[in-house]
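So, here's a batch of structures to check.
You will see two complexes here that share chain A, one where it goes with chain B and one where it goes with chain C.
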Partner chain A sequence: MEYAIEVHQLIKRYEDFTLGPIDLKVPKGYLIGYIGENGSGKSTTLKAILGLIQPDSGKITVFGNQVKDNPQLLNKIGVVFDNLFLPGEMKLKEVGKYCSLSFTTWQSKQFEEYLHQFKLSPNKKVKDLSRGMKMKLSLSIALSHQAELLILDEATSGLDPVVRDEILDILLEFLQNESHTVLISSHILSDLEKTADYIAFLHKGKLLFMEQKDQLIEEYGLCSVSNEAMKTIDPEAIVGKRSHAFGQELLVKRSLVPESMELSKPSIEDIMIFIIKGEV
Partner chain B sequence: MNIQISNLSSEPIYLQIKNQLKAAIITGEMKEDEQLPSIRYLAKELRISVITTKRAYDELEAEGFITSVQGKGSFVSRQNEELIREEQLKQIEEALMEAIEKGKLIGLTIEDLQKNLEVLGGHD
Partner chain C sequence: MIGIFYKDIVSSKLSYFLTVIISLVIIFYAISQHQTIFIPFLFVYLPIILTGVAFTVEEQSSNIKFILTTPISHTTYVKSKYIFTLCFSFLEYISSLVVFKDQFGNLQTPSLIGALVFSLPIIITSIQIPCILKFGAEKGRIIMVATYFGLFALSNLLSDKLEVIISKLQNIGMSYAYLVTAGICLSILMIMAISIKIGTLIVQYKEY
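This part shows the complex of A and B:
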């Protein structure tokens, strides 16, 4: 398998928080959801990948090369972060010109088309955009310099469902090219969950797993049982539990419980919550 | 062609796709050499992961229903009559097994079922 990003033994230490060591390989051609609670280190990882922060140790390559030695690699990476690094007084029609100075592969016509598609007026100023519009502008920029890899950091959090839906369409369109890859970090996946190929799960600075989403959903099951019934279940099978006044809710490994047990499909969010909060 | 995904079904999504495509091939709705939608296009339209659709296609190919050509896409295989017959026999067997199990629940023997079958068949 070819990888768009390879992270090897990445460590970044802060006074009150340590990220890593992280080993993460992002396969080319897929949509990867990088999930974890706020403060689990998702943004730190993404910034390290982009060479925006200097790790204490470890090696990171994008398309086989290190970003810090090959700044032209940034042409191939479309970045959408939580905030927009553009002067507030700048008009959108000037943004294109500004970007053409940063990216040697800038496609001004494509950028104009995206502005049109997203109904962003070229005469509007950056500071007058709503959060959803800023996000769309950011995505328009990311998609207008022939990027092969999109990195989105919490980009869709806090947007309304209609805008999220539009963005999902754009990402799926981008992925029609099988050499294109999307890495998206989020603390809520919701609508993206269905289309994600892989889920990487970060918890307290450590990567708990990176697995195919389908496998995750098939591997685990949710059930509600009485306190007595829980005693008959193999303790190894229980991944997480939520005890309440009237019984137990369990996240179990399907392979370790009797087939007759009625299990429902968990969402990725269920798995995340049970693993974090339901430590057995 | 229609493909419907149900999130309520306990059947995994890749299997739902696989079975619906297989049915379309067996019934002749999809003809020999006809091109299937690309994996990425199907994933985008149904809003499911590429891996899910890929798994459905891989299994259909392993079972001989479709053929994939690198760089060109996937096509309905030249219809293997034997294969279709086998698949249909398998479905009949499954239906009969179900009848046997249900019969057992109310104490019917195999002979009882045979009689039943003859009566039903005689109506044709």
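This part shows the complex of A and C:
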């Protein structure tokens, strides 16, 4: 399997938080959802991949090269942050000109088409755009320089469902090309439920797992049992539990519980909440 | 580099437009009052102001985060911040030649004065830019004000000794004048190169 991003033993230490060691391989051609609670280190990982912060140790390569040694690599990476880091006084057509002078692979026509598709006026100033419009502009930029890898950091948070859906459609369209890859960190797990091929879960600075989404949902099961019945379940099978009036709600590993046990499919959100809050 | 310079210009068009207008008014006034000596010195202050404006606008929008996700290298980014300084230093040198040529009746002494005036904005921005890159535009402004005071004090000191300086400059042999001018310009460009190197290292190791 070919990888778009390879993170090996990444460690980044802050005064009150340590990220890693992280080993993460992002396969080419897939959409990877990077999830975790606030402060788990998602943005730190993405910034380290982009060379915006210096890791204390570890190696990160994108398409086999290190970004800091090869800035031209950024032609192949489209980045959408949770904010648009462009001066408010710039008009959208000026943004296009600026990008054409910055990216060697810039395609002005494609950018104009995206502006048209997103109903963004080229004469509008950045400061006059709504949050949704800013995200659309950011995505238009990311998609107009022939990027093969899109990195989105909480790009859909704070957007209404219609805009989010529009953005997800664009991402899925981008993935139609098999060499294209998307790494998206998001709190809105329902979006990832719809689109992600893989889920990478970061908790307290450690990568707990990276698995195929469908496999992940098949691997776990949700059940509600009485306190008495819970004692009969293999403790190894219980990933997380939550108490309720009639007993316990459990997230279990399907392979370790009897087949006769009635289990429902968990959502990604269930898995995340049970792992974070329902620690056994 | 052109991309960042273009962005710096269009993101604060009004500030630059007003600066140009005010400068033109000062130049016309200086000419009408036969005080053309002010013109080269005007170009000392302009790059410092414009560089400060560019960094402030960039910091307000955290634009550096965008720039660092484009294929522009750290060195190119830092170099782009010296464009204003180089342009105005060149204008300053030319205006010094024009203004002082009539006064001295030759090109050698004006060339020397021009080189000295040429060095001022480059030295100041060579201090200013790494400071802004390291500490941000806000603290950079404080450094800018401190440099202004330094300049003011220097101008006062020089004005007291102006005649002595001019006579010393005239004493430098005609054949040496161009050599000294070249030496000054070269030294100043080396200072700028060191400043660019320091600025690049700051950007490389700073976390965004």
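In the analysis below, the second predicted complex is superposed on the first by the 280 of 280 C-alpha atoms of A that agree within 3 Å, B and C clash if a C-alpha of one lies under 4 Å from a C-alpha of the other, contacts with A are read in each partner's own complex, and residues count from 1 in each chain.
Keep in mind that, in the parts below, a contact is a pair of C-beta atoms (placed from the backbone, for glycine too) under 8 Å apart; a residue touches a chain by one contact, two chains touch by 3 or more.
The structure presented is a predicted model; accordingly, all values stated were derived computationally and were not measured.
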Message = For the three-chain arrangement built by superposition, which of chain B and chain C touches the greater number of chain A residues?
response = C
Inquiry  = Tell me the contact category for A:E178 with respect to chain B and chain C: first, second, both or neither.
reply    = first
Inquiry  = Contact-wise, after the overlay, does A:D197 reach chain B, chain C, both or neither (first, second, both, neither)?
reply    = first
Request  = State whether A:L101 touches chain B only (first), chain C only (second), both chains, or neither.
outcome  = second
Query = Thinking of the overlay built on chain A, is A:P122 touched by chain B (first), by chain C (second), by both, or by neither?
reply = neither
Query = Between chain B (first) and chain C (second), which does A:G29 come into contact with in this model arrangement: first, second, both, or neither?
reply = first
Key: Which superposed partner A:M90 touches (first chain B, second chain C, both, neither)   = second
Request  = Could you look at A:P161 and tell me whether it touches chain B, chain C, both or neither (first, second, both, neither)?
outcome  = neither
Key: Partner chain(s) touched by A:G39 [first = chain B, second = chain C, both, neither]   = neither
Task = Kindly list the residues of chain A that each of chain B and chain C touches, one partner per complex.
result = none
Note = chain A contacts chain C in the complex at 47, 50-54, 68, 71-75, 77, 79, 81, 83-91, 94, 97-104, 126
Request  = Please give the residue numbers of chain C that touch chain A in the complex, ascending.
outcome  = 2-4, 6-7, 10-14, 57-58, 60-74, 204-205, 207-208
Remark   = The answer for chain A against chain B in the complex is residues 29-31, 168, 172-173, 175-176, 178, 194-198, 212-214, 217-218, 265
Query = Can you list the chain B residues touching chain A in their complex?
reply = 10, 12-14, 40-41, 43-44, 47-52, 55
